[in-house]
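Some notes on the structure that comes next.
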């Protein structure tokens, strides 16, 4: 029953072109009755490549989740591979919230015994490693690769970053003993289907995976639990630039 | 794009009434374009409550997966909470295969920080514990409960087992510090939606969860990886009662 | 050589009275040559009891770290038991940054084989649990207790929260098989020394522990590593309300 | 008191020559009073190189365990390195059941701090990895090696597979930092003693190790616990080709 | 081929009566051709109930291992549940060395999915917990019990300690969901067989288990690996009271 | 309040020159009010490179702790990277006891997400690995390196060992993806500050780190917990060469 499903896909950085890449990927897999609302914060960081960037981006994510909730969406996707603000967003939301790292990693464990990750800068590997640990998938990840180019290289039109992703995917298939590959950046969302064809193994994009997860939870009538750990934030007045969060 | 999705839902035991319960649950969440083929083995065990029962049931699962593959289904669900024969089925299949314990546990981690499991006989807890460990969700499970009634008590029409499941779910909500509950038997598939309503927290049935996962993988174009660990079984002649597996 | 050590103690919430409690605790253990700069964000949340609150507070922490760095402090303490923004702050800082949960947990493992945690609301337990996991101390923690009162109850002057902390500490000593207790809130900083005396076991406050850790790292000439994972954030223009972070 | 000990050594595949190799290895270490009954299933797979093969083989193992139990044996060895059907067999048996992977891994931890595994096809490594995890020996295994030849190459009389095993053992000794080597296939049972001599480190065969474990449990009066998880299977009518399991 | 097997069973404390209890237990399970040499240090602690006692006892263990090696024994058992000096003894020995905690825990995992431990003073539980962790059996242990009597209470002839052990074993069987019980003290060696009978589940004594393990390793021709981590200690002159260790 | 702090720094081996190296390192970071008492055992091993050496050295450590306690010191440092006798010393002491491996590892996790270890002989790596595991820092250690020279090569005046340490540190920085390096031997204490400068990342010596930890615990009024696991050893007469431990 995915009819009537409205999914807010939040690009946590402020790049419009990346938001568009993500939107296209999301729409390409959405079920007939699903509407994709692709948004990004008004204010924040142009790309996310570390913990500081994530902390900034998390505020934009939360602002969008609040707007999405007020608009009555069926669920929220956090479309950055670090899943910035995930648990905070789950507190704020009354519908499901899925991060794209989470989505891609879950899907990978369903089609292979072990997977590899291909991401952007080496400094983001620590974030992926922490997420593997948090989600329980440490043993399911055979290796992590970084193409050593910044996130926005994926948007520069040169195709260089895309070529490097492809090379690392081929290398991962040959060397890691993995059965699947997880693409470690929202900006790689458009590459998954083609690489899956070319390499002959599942190459997984978290954006499209997360869209299907929200649709699934929606159809199952499952929402973020408001009992216990993820209950709505305690009501309290936020001050200054955070005043917008007050009801 | 779930249009054209045909899902084989395999009840690994030989109970027709439980197969029907499972079929109803599967169909209740299937997307418009999805067809549910609910099957059970011709030969095997009437219910599954231990490792021996699982070993027997695995053969029936594999026979059905072979038939399903020949019939060109889009994916297979193993509808018993121990996920019997899961990795073997993944070797045999060229489409996705999902176990209902796997499906329910994954979904639970998406809507709560920790979940509880409510299952049938205490002796089956060890199987659930091993699966938590294998899937990486040990730390996500707060507690396991057994109603101490056999699987087929769920099919005896008395409603006693259903009442016990309900009581243990209420208890789990109150005592475990969990945000969600996973129902630990395919025969409980019809209880999830009602208990979710009554308890006000996600109560998750693996059958319906697995159906949505197959639909998702189908829409994403992701199939069981045939590279490495889950490649098709080595071609070799099976003898005697297993001859049916030979091509 | 703690002479010349200036420690910025950041209360991540906006409560002035709690900032004062924290400042007093910090000063009570500071070495002769150490100066304590106790600050809190201008804007943010009055108390921190969940992931949403933490995400908001992290921005204030980062703003203060930036100010502290510009002022040339020797190190930074994040004085909230969830250690909000810790890794982001480490990216931003060129000096050591210590969270009080981290500090207290580390110290506890040095004086006992296992410790208990006593914190405020039950909903914050999940944060403590994640930190134990992240820092490697899961097996060193025997039990977690929540007094079931909000953080600001510690500042209401009634003494009720303090009494409850005391009761839970006594209970923890008797029941958990722990050799030490970690106080799970910056607002409990003033209770540690007295409870250590009364109970006859180490009762550890993270604020004072973190101050000593910064002094230690300062004396050892050890700073946050700028090689690899914790390198300064990539230079990029932040927009809108985050513009203050641009150099 | 190993007098009167009758050990059923079950080769889970249908290869007579491998059954003979295993029988010889078992007899070469059996205590004076021990009788070795080497058997293999009438029906099943000629060799075991994956989860599907294991699922098939498990039925044959269970049939043999039933026969062995009726014949009053003192214990059962499952002589395939994946330990197929181990927990199911323990349910069925009233005497001890030992898998050869289990036996070899246990023994290895008694004589070295870390061990390496040398097995047949790369696709079987995932099975060994899961067993290490299940038995608790993940950290005790330094590395896994595959000779990249199928199981039956060990029976082709050319000696090529044996030569490859030897080469990988030498390599493992030199590169892995391991103190011992575990041979990862029942068909390698005859190589252990000679390689132990040649390499000067313990090279461990699981068949002979398992025989000694059964003798030990027999002498200690320890049988598979019938209290709880491993109690006899629930009595229920099996249908069709499994009817032979009904009493 | 256990003929010609000489096992040195080392009671690490200086209690003659406990050495005798241990010797009787060892002999009661020794194979016909096995000779048991039961020894205890001349100097050391009368009983072992903590890390300090263990450190002292380790020296006596090492002295005995040296003597045993010179006497040409086939293997050494360290008959105290903390396995004091185990890895050091393995460096010193050219034959196998087995600790009784190790032996009992290994055996327990072979006959049950989970076991309970019943030991003496609560303060020794931390040692058992560390060993579970070191050997890889954390998940296989369901619970630990302490009878809260010192080790030597087992030798006072009153039978009180024995009665308490029995009570805790019954309680463990009823409450822990364990299939087997491990006796956590060398001084309980004489109780295992009787309790196994009475309780109807395996109750395991490490002394007898370790004897069978040495016999097994002896028959298999497996000795402590001298390659790498457990190589003989570097030759160096020991001074003072340790001079006896110099060759 | 580090005034009045007297720290007993115990070199567990009998090398006077290494004791002096350690003493210098300890004094170089001690706070103004701190007094360093550098001692080593009268009797024992000249260097520590394995478990046997550690067992011997532990006795000397305990003798010194007893003396230190009688002299009223404020805390004890065990200045060998294997932390020999740590938990036993904590039982014996009424003040804090810190091992240098423990100290260095803790400090490293405060300034980097992952660290590397550079130690002496390969055979000591297993000890470091066990400590990482015991302290909870397995995941924080990216790699371990051995310079393959014995401990006393650091004291031979040739500078060769120091050069090798430097080379391995450079290699570790370049290859391991670590942000910090832990020096794995008390004899390397004098190298940390210079290497920190040269390499531009934290290179951590445990001796100086442990001194600051004792000062910190002293200032915080935190002592080794005498409640439970680390309570004083049970009073019992020690015999023979251990008689000196009797009161």
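Order as written gives the chain letters A, B, C, D, E and F; numbering starts at 1 within each chain.
To be clear about the criterion, a contact is a pair of C-beta atoms (placed from the backbone, for glycine too) under 8 Å apart; a residue touches a chain by one contact, two chains touch by 3 or more.
By chain, UniProt protein names: A, B, C, D, E, F = Allantoin racemase.
As the structure is a computational prediction, the values presented were derived from the model and not from experiment.
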- Note on the structure: Neighbours of subunit E that also touch subunit B are C, D
- Item | Farthest-lying chain, centroid of Cα atoms versus that of subunit E | A
- Item | Whole-Å separation of chain centres (CA-atom averages), subunit C against subunit E | 44
- Rounded to the nearest Å, the gap between Cα centres of subunit D and subunit E is 27
- Message: Can you work out the whole-Å distance between the CA centroids of subunit A and subunit E?
- Response: 53
- Message: Counting only residues that touch at least two other chains, what does the list for subunit F look like?
- Response: 87, 113-114, 122, 125-126, 133, 139, 177, 228-229
- Query: Which chains touch which?
  - Reply: A-B, A-C, A-D, A-F, B-C, B-D, B-E, C-E, C-F, D-E, D-F, E-F
- Query: So in the complex, which bits of subunit E are touching subunit C?
  - Reply: 122, 125-126, 133
- Under the touch definition given earlier, write down the residues of subunit C that touch subunit F in their complex. 1-3, 29, 31-32, 87, 96, 98, 102, 106-107, 109-114, 135-140, 173, 177-180, 193, 196, 200-202, 204, 208-209, 212-213, 215-217, 219-230
- Message: Going by the contact rule set out above, which residues of subunit B touch subunit D in the complex?
- Response: 14, 42-47, 49-56, 58-59, 62, 85, 87-88, 90-92, 121-123, 125-126, 130, 133-134, 150, 228-229, 231, 233-234, 236-242, 245
- Item | List of subunit B residues in touch with subunit C within their complex | 113-114, 139, 177
